[in-house]
């Protein structure tokens, strides 16, 4: 496929893109037209349909994948697509991965690795709780693999929730062997569930935006509720164990001002908070480096890190 | 009954007190004895059983109401009870109100007033949710009337949860008529439920201390979960309405650093936060004045109010 | 009258507007012209006088109401008025309310209500102090009714100071009956005077901007001084009462970092702070909703509330 | 005179001390006695009157200077005075300086120096305002020389207000020559007036404690009011100048959270804040060194300086 | 050996203890005596030499190991040793480990492990720098193995600096494999050096207290200086590499308010900060659990963790 | 010379400017050209070389002083220089002072004054240390006189480091006579060295930007290291004195959150912090006034001073 970043002025294209935004407007002369923002994984492109009612222009909605025919022009220093023909693309005609930011890593392999961690949990109730989501729930694996862990910031891409969850789980696994006082089963389970509320806090791609529920409750509360509801379906699930697990989820941001209603009171909650923080910060930094234009080692002041950031030189 | 504050040195008493604490110890000579802390609503009293195995001393536990016979002595400037005989008192022999700090107001009248507010809620799902707890749940009214709203600080007495809930609800009622943009039904419902999680966060009197669940989850999370579980039992309860109500509960502390995982995003959540804060602060101040010894108008520096506090003079 | 929001390109108008700003400039060709910003309550309009010295253009100043004749043109996507004739309008030709943001409520009714509260104050010195401003001082009522309570933020409109003062007073009235320890006379008086310093901190409409005195001293200090000076004119006004009243004014922002030089030390100062905060925040939120374009329930992140804000749904 | 620090067990004394505290009590046997705390500048002494009604014991009150005859005994490791005879001392029999903490410096010389600064102010209204207090007001000089600048912390001794005022004024004088943009007359005047409100915020020695007015209003507000009232008595005193001067007083703590209702907006207000802070901190440190027992160079953690503090070694 | 915790009243002992403190005093009768505090790893013991000049009492100093003969008595509820004979013990007569808090882990094995990490560093200058301290410097290994990492808080025991350094290094090693963008050589080197300044900030055991240099400069500055001085002795050590390494040391506390003069600007500095924080917090929690008396799962409010802390239950 | 601020449209100029920035670009037609930013002390000017390869255009680099011939045109409301001929200027052809912001004061006189302070230091090691930099080091005086004290903020001009250092030293001299407990020699030495690290933290003019070392270590650490290295070259320099001096440098920002790794623990460190802060803030304010356009006394909100700032009126 011809990616947006590869387009050149003057060429005629015939391609499928994701329609990110769609707005109706009037020309100065009072004639209606449509203004679109098209997207693929390499960037976005302004596009116009000057003749919305014409024969070749089918109906479509925002967030549809659309097959367009048109000419690449230039307007005020940026490219613009003048659309002549348009139809909704069928599933199968396109690969969503071409249109969305994606994890660099193999999503299926990561899910396998996560299942391995689940199988290493020996406490039966925790194991059952984990499997009820990750193994037994229809469609869960697919949804979990596709979700992002953020609207922007770190891991805001397809597979991001899985990649972050796995990163935190591995870090917790390291902690469990380094600090023997930790209960590995509780810690691994908490790590795997810690951001599960993001499945409802953020809508799925391509929208990947906060839901109404997400804004009102937040993924911490939603995640604790998901675990609570499911544990309630497992006969005999110990109440104290449910509370400890929910506590780890509630406290994983570490500080009240970061949205945790409780500070860590258990060693596992503290370890989860440290692991989550480490994975989030390292990935945030990685994305900062990745997105820099490379003209300078010093990347400029980062508000997140409250410092000018620099690549380390060759040693 | 003869209250602890009324005892004088040398008298023999025959009275029922609450046994707040109980510890076994050894005299210097190596002889075992029992050291107790007795309590009624006027204060506490140190007591000793020098002969724990003797005939007149029955078995009992901490937090039992016990009938004791003994002599009031003085040790290092404080009274001490030398217990000769002891037995567990039967329910009916004593009034818990004599042993616990209580609201100045009539608990039953306040509950009536609260039911009046419930009947003023016209939105059917909210009304049903309220009634399922306050009207239909067996034993709920009794438990709610007896509970405190805090371990110490404000409203830390029998009936305190009810008094505070009613105070907040009335303040919200005022807001609803003063600021017409507020949805009165949602606001009144949220006010009545806002601290319901305290029923599980704090154990009932006479213990009135944080429970394990309370420390791990906190009354905000517990309250939201109680509402969630009950709403799930009401067919057709709208998900958005449940989320709005839970949001009000989650956000009622107003700031993340005060333990709310979300800041108020709805007008009703903001109003609830303002009403809760006002009732809590006014009552905290009232208790400060009540507990001062009255020797000076200026009460000294209060850490809660970050100021020296003074009674207002006669005008 | 033809409001600015109703103008269309190409029409010739003959209307009175408020001249908010006036600047002399030179065209590229070096010819002098005048650039104005006109205002009415529906918005602002850029205007040009290309021929300042011509016959039909009379003298005028910034903040004058001016009668203009001219053509509506369009420049860089915005309307512009090309002024042909201009004269200062006479008082009586226009209604200031048409040109300034105004309270939705009836200003005279609100003042009546405030006078009712004043009459309810029974402590003679406080009553006398209140009446010396609100009843006896020539021109005070007119000035007080016309003033805003802010340059922007909440209650920044004609009648805003009165509306906010009344809102706070009513809330204090509620507190006085809900919490009997409060001295109602002191509290009501403090509520009515709490923002009186804004009469000098902000210049009157149409300017409605910080005065030199306002920036140097602030309305808290100015208000306390106004009360001090007037109390000094009332023979026998008790010094302690004056200090208590001034304390309420000084402390009404509640926190040192919000500009109060003292934290509340009296119950009435605390109640006033709670009432002021509640009225300010509820009105701020109301204005946020009112000014939103209505395209979405979620209004976006509000820096004041540190949260995305949303309208409550229909229940 | 025989100072408290010089007493030895067993001696009979006949001396005048300040009676700092006085309390009536009962012996275990139920006999009334008086318990006093006596004070001179070297320390305090516990004293008892076992026979309050006896012939040689005259009437007296707390904070009286009293002539006592009695025996020095020892009780629980501390000296105690057993008073046999007691009468109120007459003014003239004692020197207050012997009983109160005093400035090391000559109070009269310092006042002379301050008058010199006043004479250096050339702006007539400011000069007149200064002289109306420091030169013309009857009793002002005496009061100002005797006052402290604090209840405890820095300059909490007789002459402390004068010493601190002079220190700040000198520092401002340095600033005025170092930074020519400063208006020396305004700055010197503001420096001399900056803490004048302490005359009312703190009661005079020997009490030296916060007054009711002081707690309700604070010395910043009181000082601004004093300047306001006096300026009002000087015909033609320019309003803007009064506001600038009051602004300097209001802003001299530099930060809202330190009790200034306004941050410095004028260069002179900034300079005054810097000078005040420098003199206060240097003196606080000096008192810390002076009060240390000298056993170690490191004095231990100081909460004011948030650091362990050490004397500088010999270089 | 007979440990302090094992002593019983009335026995005569003949044992070596560490003399933690030594003070000369006078009895009430004016006779000189010596008051000592003796220490071993199980606790401390008050001791008296009532006849300091007698034959059997040799000269000795604070922090000497002393062989004492004496009787165990009881005074005000605590044991006291009445010393009859005393001499300084010779090195070899005692094991310092018996007298000081020690790491639970094998110090020599940990040092071996650390050397293994040093050998894994491939960048020649960094390797040389590490070896110059840990391998080549005479006496360094002994000193490093014996040092603590804190006066109190976490790792405040013999071997503590080594145990913490190794813990941080291992965590960094984990990060280096989990986040490939990290330069492992720089990160491992920085981890090993990060707290090296504690060798001078804290005096060695048994004193283990802040040195003058430590208080004036802090271990961060001292550590950077040690690395700077040593790098200056290695011909050709790249200046940029030295700066990166020093930056990691300077920034390892992560926040300015925790004493780092720079926030992390390099990925390795960030990783080191995360690893240091994780090891410090996990160990702090471990020590909290270890030092609790075990009567309750909830250990009470911890100021460090700003939460009540609880052991996790059996799962 | 013809300054940039004096250029008019249409003239041809022949002048030397500093080339601040240089970028290669392509016209829409694909033809390469050079885009420059020229600078003198009156401002900056956009310039283009449309024919980079032509005969009259010599080679040059960013930050070269270049002699240009060209025409002043106007583009989008700003002047632009169309360069026809260009060559690198020779040293001697231009005065750097014409191209860079400079101190208003005489740099040589200020250096003399600083040397006077150095000669007033009587402690031999400190005197020797000072002279080793300011008197004996080749090229040091020239470098120190030319350096700025900041990239922007206060004293960000040629001679700024010297001017600020002298201002702080004078203020410290005032403190030394006002507060006799201060050790003048240590204080004056610390004042002179306090910002010496800026010589490496910032590159010299015309670049005047943070260096790599500056960003990684900061001027506080660099300055302490410079003093450490030099003291190491002076035989017998007392270690304690070096530590005290380095402490003053480390602590001169006064607060950890301002980048000092230690809070002031010595009186001299505290005095230096106060002096540095005073000079920095007064100069910052002076520059604010200087850079204002003078249309209003109130300059608008200053984020540094957290206040609207105003010039003081004529008194």
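Which chain is which? They are A, B, C, D, E and F, in the order written, and residues in each are numbered from 1.
Here is the rule we use: a residue touches a chain if its C-beta (ideal position, glycine included) is under 8 Å from a C-beta of that chain, and two chains touch if they have at least 3 such contacts.
Since the model is a prediction, treat every value here as computed from it, not as a measurement.
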Third chains touching both subunit C and subunit A: B, F
From subunit C, the most remote chain by mean C-alpha position: E
Far-end chain from subunit B, centres as C-alpha averages: F
Distance from subunit E to subunit D - Cα centre to Cα centre, in angstrom: 46
Inter-centroid spacing, subunit D versus subunit C (mean Cα positions, whole Å): 44
Touching two or more other chains - residue numbers and ranges from subunit C: 212, 215-216, 240, 244, 262, 265-266, 308, 310
Interchain pairs in contact, sorted by label: A-B, A-C, A-E, A-F, B-C, B-D, B-E, C-D, C-F, D-E, D-F, E-F
Subunit E residues touching subunit A - in the complex, by the definition given at the top: 123, 126, 167, 170-171, 174-175, 178-179, 181, 183, 185-186, 240-241, 244, 262-268, 270-271, 274, 277-278, 281-282, 285-286, 289, 305-313, 315
Partner subunit F, residues of subunit E touching it in the complex: 212-213, 215-218, 220-221, 224-225, 228, 239-240, 243-244, 246-247, 250, 256-262, 265-266
Touch list for subunit B against partner subunit E, complex: 210, 212, 215-216
Residues of subunit B touching subunit D in the complex: 297-298, 308, 310
